[in-house]
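Next come two complexes built around subunit A: one with subunit B, the other with subunit C.
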Partner chain A sequence: MNEIEAAIQDKVRSLLEAEKIQFFIGYEKGSDPIHSAPCFVKEPKDVERLVWDPFCAHNLVTFIIDEKKRELPRGEEPDSRPIGLLVKGCDSKAMIQLMSENKIAREEVYIIGVCCNGVIDSTKLEKILTEKSIDFEALAESDIQVDKDSVVIKYKKEKVSIAKKRVLLDKCPDCMSPNTLVYDDLLGDSVEPADSRDYTSVEEIEALSLDKRWEFWKKLLTRCIRCSACRNICPICYCKECAVDSAHQVITPKTTYQEKANKGTWIEQTVDLPENLFFHLTRMLHMAGRCINCGECERVCPMNIPLSLLTRKLEKEVKELFGYEPGKDVDAKPLMSTFEEDDPGDFIK
Partner chain B sequence: MSEFEPKIVAFLCKWCSSAGADLAGVSRLEYKPNVIPIRVMCSGRVDPLFVLKALKEGADGVLVSGCHPGDCHYVQGNMFARRRFIILKKLLEFVGIHPDRFQVSWVSASEGTKFTKVIDDVVESVKALGPQTKFKKVGIDE
Partner chain C sequence: MTSSNKTKQECYVIKKDAVKAFLDSLSDYTLHAPVREDETILFKEIKNTDDIIYDFSNAVKAPKDVVMPQTETMLTITKGGKDSLVVEEPESPDKSVVFGIRPCDAKGIALLDQIFYEDKQDTYYVQRRENTTIIALACNDPHRNCFCTSVGGAPNGKAGCDLLFTDIGDAYFVEVVTSKGKKLITNKKLFKSISEADKKAKNAAHKEATRKLGDALDLKNFPEKLEKMFGEEFWEKYALKCIGCGACAYMCPTCYCFDINDIDYKDVVKRVRTWDSCQFGNYTMHTSGHNPRPNKVNRVRNRVLHKFKYHVDNYNEIKCVGCGRCTTHCPVNMNLKAIIKELAEKEL
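Right after this comes the complex of A and B.
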């Protein structure tokens, strides 16, 4: 057990024993040593399940939104105590963005911040280990050592070293906020942020011709099965009723014409290229100036569509056009509900 | 086969561009008949989804036209619209749809001649691009 893990467990135990929080959302060890999973701790005796290791990829802020959407069972009094949760640097931007949109109040959450040295992409590591024919499910937790630049794995008395760069999540190498920005307790030593964001992947696509770009996206987006995992995991997508779900509208004799008019079918359930493109562009348009690039959509995508290309493009444009960075300032006005007299307008005739 | 005639959906704001179109009509100015005008109360009313939907339903090009900045009947509607449209335009370009497929213009109620020019330009540029097949839903025919 590492120092931070012990500190998290102590802190959560004392909070739960003093009944200061409703429950705590953290990470527990997954089904094999190279995965960690979200974990809800309600009793002090369960605190030992909590872990902190470089495989803690989930953005736990999403669960706060889910919890707020949950309707109370009849007769149950709302609990006014805060919900505790573990927040990494990147995830804290989502927290700030939600606070600036008045979706979460600061006192509704008890945040334990951790300084993060980068999270390992289990899928990438799994692939490399399979290539080297290492049975990762048989490894013990102590067989995996992660230091600053490499991942060292002890397997059958052999030591296999893998460069950390190769297995980090795509969002990590150029992370500008490794340290949690808003917290009640901060654990770990502060980490030096990257100098600048790396937009090479986006610029590579921008350099292609229009038709090549189309071919590129066509190939990726025909793969999409529209499972909506990207939307459901997104901490910023919190509408109870989603624009792309309007196809499910039930029309009864009592449905008024206003209701019908307000619920136009934007997107049909057919899974084909135009509908998929419509879905992803809609998502991006609704994310403009709000997406904080936590990369969760890409991580959960079952078809491995590199959605972070779209979110990075959005981040780049918003920064270049309006000098706006979401998730930085709790008091910032939302990008799309403000304007400046001298906003770029060269594209207008 | 006859020459390709593009189908353009134009969202015109009630107070300026639509009035500009009326002025062009009463002044007996001629412009290309490829445009399907849809009158909206303000260019700020135009959700970027309207544009995407029009393209999906088979429009070859989309034009959004509103009041000049500062002239909006609702004071600031077109300013919000401007922010939204630039993001939409950048995204469409990023996925490989020609930027001329979606155009924005400011036309005031007194600019009947400008209105005819804008329409002619849009029709001309979309005609040069040919039919829009990328975003079009399968099974939509003439």
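Right after this comes the complex of A and C.
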């Protein structure tokens, strides 16, 4: 067990024993040696399930929003105690963004922050392991560490070192917030942030001609099966009723036929290029100035659609046009609800 | 049903370099086979047989859409003359061949047959199914999340297959499973008679694949046990991390729920059926606003119970083929096999 893991377990145990939190959300070992999974701990005896390793990818802030949507069973009183949450630097930007949108109050969450050297992309690692003919079973008893420049895997008597860029999630190598920004406790040694964001991948797409760009996205968006994993994993997508779902309307004896007829469906459930395109464009428009690029949508997409290209583009646009960075300041006004006299207007001409 | 048209076991071998010629000869059929698009393995309609890949674990998504497309037009309504409407049914689907489907996914289609044939015949499904011939490729190297042997399948299972190919080195061993499959074997220059060595190689490949899958779970009395587990609190433990997306259901070879909508495209109204998932909150939403499965715990439990209890009650078979996709692609790494194992071993 590493030091951070031990510290997390100790802290959570004492919080649960003192009944200071409702429950704690952290990570546990996943289905195989190269995955970790979200873990909900309610009893002090279960804290031993909690781990901290380079596979702790999920942005757990999503679950706070999820819990807020839960329908309380009849007779159950709401619990006013905070929920305990393990939050990495990148994920803490989601927390700040949600606080700035008055969606979560600070006192609703007890945050254990953790300084992070980067998270491994399991898909990339799987590919590397296959190339090197390393068996998954062999990794069951392994020590995997992320240091300054590389990921070091020690198993049995072997040692493999892989350059960070090849194996970490795409969001990690140019991460500018490796240390949790808002927390109750902070664990681990502070990590040096990257100097600047790397927009090469976005610029490559921007450089394509309109036709080529359309071909690029057409192929990818045709592949989308609309499973909604990208939307549901997103901490910032919190609407109870979503524009992309099939129209849902409560019908009572008083509902008129006009009301029934006028209930709009924004996007049909048919899976084809026009509707898929609308699904993603609608989502992106709603994300502008709000997406903090935690990259979860891309990580969970079962069809491997590189959604981060879109979210990074959003980040770049709002930074260039408005000098705005979402998830940075709790007191910042949400970008789309403010207006400055010198805002550039060229793009809507 | 097609799968009951069994013929006497007939076997051939086909050299690997002759498979392309065989597939090219199927020009009367629309061919679906696995291709690699970027890093993603997908079943696609094949225009050029050079695009087909043979060395793969399994496609990201089960190719059930060949018989049950994700979006299917059921009828179209257009304006006729004065005061009249023209209602048209879609054209009959083309004859098609699916090549390279894994035995688990072929069994998935056999399980879909139970749904769409037995109580009432679903015209749309039946038409496609009757027109589809399935050439499966036995699994020699199962994925780490696979567990077909635990749910009554095998890496060389024949359920749902018309022909079953097994890789035996430089050739495929071909087992003819149905008369529909036999119809494809016309060119005896490509399909040659088998030798004892071929048979041995095939059996060895099947044995090795089964060994790689490890011990099968004992699920004999599991459905009865699940009945008693409905009200237990532990479901919450599994459900808490679920984000309620449809990745598991849309990847799944056996999930078949659908939604039907009438869509107005201005000149034409289409009645369209699309896949749906019981993991979506809206799935059970009543018009009254009441939702009998209001929280994810209700929905996750339903997914497990449908596959391992309700379907067994109705059709005497587990509605899971152990392909492991729901585990591989779950955004929160929910591990179905581990859940089943834990529940099956739990003392009540």
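FYI, the second predicted complex is superposed on the first by the 311 of 349 C-alpha atoms of A that agree within 3 Å, B and C clash if a C-alpha of one lies under 4 Å from a C-alpha of the other, contacts with A are read in each partner's own complex, and residues count from 1 in each chain.
Operating definition for what follows: contacts are C-beta pairs under 8 Å (C-beta built on N, C-alpha and C of every residue); 3 or more make two chains touch, one makes a residue touch a chain.
In this text the structure is predicted, and so the values were computed from the model without any measurement.
S.K.: With everything superposed onto subunit A, say whether subunit B and subunit C fit together or clash.
M.R.: fit
S.K.: Which partner chains sit in contact with A:W217 here, subunit B, subunit C, both or neither? Use first/second/both/neither.
M.R.: first
S.K.: Please work out whether A:L277 is in contact with subunit B alone, subunit C alone, both, or neither, and reply first, second, both or neither.
M.R.: First partner only.
S.K.: Please compute the subunit B to subunit A to subunit C angle from C-alpha centroids in the superposed arrangement, rounded to the nearest 10 degrees.
M.R.: 90
S.K.: Identify the partner contact of A:K132: answer first if only subunit B is touched, second if only subunit C is, both if each is, neither if none is.
M.R.: So A:K132 meets neither subunit B nor subunit C here.
S.K.: Is A:L285 touching the first partner subunit B, the second partner subunit C, both, or neither of them?
M.R.: Only subunit B is touched by A:L285; subunit C is not.
S.K.: Which holds for A:S337: it touches subunit B only (first), subunit C only (second), both, or neither?
M.R.: A:S337 contacts subunit B only, not subunit C.
S.K.: Pick one for A:H58: touches subunit B only (first), subunit C only (second), both, or neither.
M.R.: Only subunit C; A:H58 stays clear of subunit B.
S.K.: Per the contact definition in the header, classify A:D245: touching subunit B only (first), subunit C only (second), both, or neither.
M.R.: The answer is second: A:D245 touches subunit C but not subunit B.
S.K.: Would you sort A:G30 into first (subunit B), second (subunit C), both or neither based on which partner it touches?
M.R.: Second partner only, subunit C.
S.K.: Looking at the overlay, what does A:P38 touch: subunit B (first), subunit C (second), both, or neither?
M.R.: The answer is second: A:P38 touches subunit C but not subunit B.
S.K.: How many Å separate the nearest C-alpha atoms of subunit B and subunit C in the overlaid structures?
M.R.: In this superposition, no C-alpha atom of subunit B lies closer than 7 Å to one of subunit C.
S.K.: Overlap of the subunit B and subunit C footprints on subunit A, residue-wise?
M.R.: 272
S.K.: Quick one: which bits of subunit C touch subunit A in the complex? Just the residue numbers, please.
M.R.: Those residues of subunit C that touch subunit A are 37-40, 42, 60-61, 70-71, 144-145, 237, 240-241, 243-247, 249-251, 259, 261, 263, 272, 274-277, 280, 282, 285, 287-289, 291, 294-295, 327, 329, 331-335, 338.
S.K.: Residues of subunit A touching subunit B in their complex?
M.R.: For subunit A paired with subunit B, touching residues are 205-206, 210-218, 243, 266, 272, 274-275, 277-278, 281-282, 284-285, 288, 310, 313-314, 317-318, 321-322, 335-337, 339, 341, 343-345, 347-349.
S.K.: Within their complex, state which residues of subunit B touch subunit A.
M.R.: Its residues touching subunit A are 48-49, 52-53, 56, 69, 76, 79-80, 82-99, 103-106, 118, 121, 134-138.
S.K.: Could you list, by residue number, the parts of subunit A that touch subunit C in their complex?
M.R.: Listed in rising order, the residues of subunit A that touch subunit C are 30-32, 35-40, 58, 62-63, 66, 70-71, 127, 136, 219, 223, 225-229, 231-233, 245-246, 248-252, 265, 268-272, 296, 299-300, 302-304.
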